[in-house]
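Same chain, two partners: chain A is paired with chain B first, then with chain C.
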Partner chain A sequence: MKLKRLLIAGAALALTAFPAAAGALSFWHAYAGQQDKIDFITFALDEFARKHPDITLDVVAAEQSAYKTKLNTAMASGNPPDVFYTLPGGFLNAFVKGGQMYALDADLAKDGWRESFLESAIAQTMKDGKTYAVPVDVDSVVFWYDKALFAEKGWTVPKTYDELMALAEKAKEEGLVPFSLGNKDSWPATFWFQYMEMRLKGSGVVASFVNGDAGATLGAEGEKAFQTIAEIAQKDYFPIGFNGMSDQEANMLFLNGQAAMLLNGTWQIGASADAPEGFELGYFAFPSVSGGAGDQSDVLAGVAASFGISEKAENKADAVTLLKFLTSPEVMTKYVELRKTMVTVKGATTEAAAGPVLYGISNELMNAAGHLDSFYDTAMPPAATNIYYTTLQGVLDGSVAPADGAKRLEDALKANK
Partner chain B sequence: MMRADIGFAKRHNRAALIFLAPALLFVFAFVAYPVVYAGWLSMFQWDGASAPVFVGVGNVLRLAGDPIFWASLGRNLLVALSAIVFQVFLALVIAYCLVRIVPAFSRIFLFFYLVPVMVSEICIGLLWRFMYNPYFGLVNAALKAVGLDSLKRGWLGESDTAFLAVVVVMSFTYLGLYVLLFTAAVRSVPESVYEAAEIDGAGHGRKFVSITVPMVWDAVRANSLLAIIGSLKTFSLVFVLTNGGPNHASEVVSTYLYKMGFGSFEMGYAATIGFAQMVLTALAAWIVFRYMKRKGDA
Partner chain C sequence: MTPTVVHRWNRTNSIVLAFLTLHVLMVIFPFVWMIYSTFKTNREFMRSVWSFPTSLNFDAYIGAWSGGALGGYAVNSLIVMAGATLITVLVSTLAGYALAIYRPRWMPAVELSLTAAMAIPAYVALVPLVVMLRGAGLLDTHLGVILPTAAFNVPVSIFIMQAFFNTLPRELFDAGRVDGASEWQIFRKVALPIARPAMFTVAIVNMIWVWNDFLFPVVFINNPARKTLPVGLTDFVGEHITNYPVMLAAILIAAIAPLILFIYFERQITAALIGGAVKE
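Take a look at the complex of A and B:
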């Protein structure tokens, strides 16, 4: 036991304590644990070593959820890596607030680097007018369905919220779960609330809280949005015990044909790869809500990951070289090809690399969108996210009244911490 | 004591200290230091990244008025209560049966009781998640098979059953450990006492209450203490099964601490919760030790 502890302590020291030598950079990323992620980072790092033999990288990889804790610990202890993967929004802003992030604006201004990114994407890694990270990939949320199932039942894709509810009722009568949902970890239900808020009030609600706008509010629409999704739950349109099921379990219902639809991110394309024979993944946009004040073409889409440089990094020129390489069209197109995820670099999400479904979402849905609204739960500060999550679970299972839920969320967002 | 003896003892003291020093060092590095650090941290508001802000007893006051914390602590106490009944007491009954009634099969039974103790809690949690799954799970399928369709539900996902579902898993998981400990204790009770009781016509019930329980009382006390401390610190099964949800319905102190520390990044408040948990656990242990003493013990 003691020996084990000693070894762990030693390993931790070895990983964090040795400062990078000249011409060397420490690089931390979360592309681990999943084959497509590993394939991507292996490709990128091999290419980098080939093109920049003068820069040696000291690479540390960790799986996503462990990575967050690891990076936080390193940041807190004042031993940040030089270049690292980070989530945008509240997670990144905490580091920015602590003065630990290097502002990239001067470098972005050179050689059209800033212009190579989608404007809506790079806006999500900015704070108080400065850019602290470069965005990598974009996830967007749409309704997913099995085309074969819809064809068999003669159902058509709904365009309005009323049509969606009518379709849900039909699905329920057929003994299917209308909308699969595995809300144990709470993020899956956030899409429902956010889309309702976007349709009813408009995009940018949480962003205005985060930016500290004086007039920021969820409005009466916040309560209405909670009210609407609570009604969906009351009608038993979600699976039994959805608050205890994981997203994977919800996926099992969906892919097995026990559930008709699923509101989920574009990672659903990867998750549907193991679907049974005959399953044909289709998507449709979140329908319009009549009387809603928001732009009904808006899409929930957010930057999922980004790369930043720590203020403490000694070798910033090489660090920028690494970031420029990682966000080059060549590497990013490979990213799309391997991970089936949209990227933030203009023109890199090609039809050949993305495949028809993803390309359709990127090219039709997102290009036609009035606004892209980034994920509320990653945009808001961590403490508010926690409250958002538990409130959603409570509203959906009826233990929190929609009005109380809206107030709880509004208060948490106003506290802005 | 003679002078030479004192010198001898002193020499040995030094040797003993030298041998104990490394262990002590580890205790300081990995137990004492973190405890002191947590105590210090609990006086700050800190998100793990920016500079800590001193708030003094602010975190303690916040804790005192935090309904989620008290509700979580209440659930920990319920876990402890259920552990005393469904783990410790039940284990003693089972141990008695294994040793006194079916000694021939005690080994094989013991083996089965011990399987969950040997499997990691995370695996057990994941296994039970499958059993509880409302659509593919064994629990609902079994209810359907015996015609109790009306009892089918989403066990882990509904506020009124989530905590109960977790407690059931805990009881199954830890029962075996106490059966093992009690089997050893019950075996050590001299056969002659039972023989005397049998001559007087005592049945199993009477022998259990009047001989076994008093004879293994020290083990009962130790195991109860173990169960209570374990219950107040319980984390992994809750974390895997429900993560404290839905909406804190199955939250215990440790999962709340984790959420505050690594979800909300409120390190200072999380340290306060941890410190309170430690103090309350020590207090509970002291109370149990004090009130479970046998009459006549010093």
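Take a look at the complex of A and C:
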């Protein structure tokens, strides 16, 4: 009897769940889990509701890693949301190949919408001449250090790779971890490999594979790059057990002064907000490598996130209205202010909103860069990304020889899957 | 009065005691660390992970409780857990009994299909499940999580029940038949009362699985008001930035419901895990 009642109660509860009202625009995003993301999306959605009371949104939010699983399943089951957050590169291209993305070119041509974006940024959401998403923010990777610690030790910022290694040795002698690194999720170490490849061979290596260029190759530099970072690992310049440590744990070593430097993205500014008193965040460019064939001023920087519309969306006009609103200078400047992240909309990364560190990177480092090379791991197709990750982890822990690693990655990139 | 046993304090005892103490400290320390860390600010936490809080502040709890709607998530988790566990126990008891007692020639085929079903990873089934759930109008409902969860847990549970019924002497059931009881009466009056501890084992194992399950709820549930606890807890874990004291406070709050359940059912749980199959 009791069981029956419980079952009925369960069924009744389940029935109270009805689908979203017809006419509502479904909007999925990954601005969850950390306060600055939530602050931004709350601001944006409140403003949107105020300015467009006629458009009802059915919003679904999930934290980044859960979001990817959720969106992939929704797309694969033919039930995509109307408007959604997506990573550019391989992640987006998989949807484009499946014919699930709405091409935005006609809408971008109107009212100077396309011109409002940085060209280098919108190029990263294009595939075969068509634009399938609008880019939102740009992350760039630099070396981070604590100015107070460097001043106390009398260290200066290294300009060349040799100086960097000499500094690392000094830090190690002082009992510090020279470079903090938490590579559990595999992406943090990619910055090391990519910067070495950029310095040794040049920018655009992975892009040429993705575009299907016949001459695309990592070159002998691929092996050299793997070789170099394997040496850094062998010298114990990374923390003990770095392949099992998370990026956030590595950040903790850096913030509480146990590690001297950290090669990481511009999200480090937000991640350093709760640093202990006396900590003063500083940055320097990845140093030049003597004899390297690449432009030594190049910066690793890429579009981190974008918004797209599904081909199946019924009300494309409303969907475009939402995208235009989200990428308006007003909302984007607020994005910079709240998240301390550069955006893709021209002129929106203002000094006032960005603060000195981010503005310095945006205005000095990136403006002076010969090329901006976007993140290898997000640019390449998903299968190749997995091989890239496992190979890199193997090279770092010594289980994969640099030569084998380079061959494995080259093969994966040639397969272009 | 129980007779007192005089323990002689010797060296072996001290060594055993020392190891046990060390073990207990190692097991308890993470909990203690978690509790005192919740009273720190994130800044204190960043300065040193192990240090004690400088002052007792409850901001983390306030933040966790107000920001996360944890109470609602806990209710959702309970609904999903109760639903999936009830279905699984019901189906696996009946099926386990049938598999153990009735052995027509095609029964191995049934067992084989169950084993095959167990080999399917949940990840592979996600897309077809979403399509089916949407067709049935169950996407984004609790029932839509309960049914697939139960379906995935049923095969193992059936085998646990079957293994249990296999240990019972056949004479027990034959005696019932001689007395003229129907097959249903034999199941209901003879098998079921004896099977209670085994059913409890299945229930507990399932409760733990369902309570901790992340994949199905995160994919099938969209409405924030219907999220389960493991999904809800991701509200507190950022991609690059996490407020640790708040996250730890949220985990502690989330652990309250299972803790109460455990205290309430402690005797049955211990009994079930020991597997006292003998009816008293």
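As a convention for this text, the second predicted complex is superposed on the first by the 394 of 417 C-alpha atoms of A that agree within 3 Å, B and C clash if a C-alpha of one lies under 4 Å from a C-alpha of the other, contacts with A are read in each partner's own complex, and residues count from 1 in each chain.
In the analysis below, a residue touches a chain if its C-beta (ideal position, glycine included) is under 8 Å from a C-beta of that chain, and two chains touch if they have at least 3 such contacts.
None of the values given here were measured: they were computed from a predicted structure.
Novice: Between chain B (first) and chain C (second), which, if any, makes contact with A:267: first, second, both or neither?
Specialist: second
Novice: So, does A:69 touch the first partner chain B, the second partner chain C, both, or neither?
Specialist: Once the two structures are laid over each other on A, A:69 reaches both partners.
Novice: Please work out whether A:78 is in contact with chain B alone, chain C alone, both, or neither, and reply first, second, both or neither.
Specialist: Second partner only.
Novice: Figure out whether A:281 sits in contact with chain B (first) or chain C (second), or with both, or with neither.
Specialist: neither
Novice: Please indicate which partner A:412 is in contact with in the superposed arrangement: first for chain B, second for chain C, both, or neither.
Specialist: A:412 sits against neither chain B nor chain C.
Novice: Would you sort A:383 into first (chain B), second (chain C), both or neither based on which partner it touches?
Specialist: First partner only, chain B.
Novice: If we overlay the two complexes on their shared chain A, which of chain B and chain C does A:243 touch? Say first, second, both or neither.
Specialist: It touches chain B, and chain C stays clear.
Novice: Once the shared chain is lined up, is A:95 touching chain B (first), chain C (second), both, or neither of them?
Specialist: first
Novice: First (chain B), second (chain C), both or neither: which does A:391 touch?
Specialist: first
Novice: Residue overlap on chain A between the chain B contact set and the chain C contact set?
Specialist: Common to the two interfaces on chain A: residues 69, 73, 76, 252.
Novice: What residues of chain A sit close enough to touch chain C in their complex?
Specialist: 3, 6-7, 10-11, 13-15, 17, 19, 30, 32-37, 60-66, 69-70, 73-74, 76-79, 247-248, 252, 255-256, 265, 267-268, 270-271, 273-277
Novice: If you look only at chain C, which of its residues touch chain A in the complex?
Specialist: By the definition above, chain C touches chain A via 41-43, 45-49, 79, 82-83, 86, 90, 126-128, 130-131, 134, 137-144, 146, 214-215, 218-219, 222-224, 226, 231, 234-243.
Novice: Using the touch definition from the top, list the residues of chain B that touch chain A in their complex.
Specialist: Residues 22-23, 26, 30, 47-51, 129, 132-136, 152-159, 162, 241-243, 245-249, 259-260, 262-267 of chain B touch chain A in their complex.
Novice: Using the touch definition up top, name the residues of chain A that touch chain B in the complex.
Specialist: These residues of chain A touch chain B: 2, 5, 69, 72-73, 75-76, 94-95, 97-100, 183-186, 239-246, 249, 252-253, 258, 382-383, 385-386, 390-391, 393-394, 396-397, 399-400, 417.
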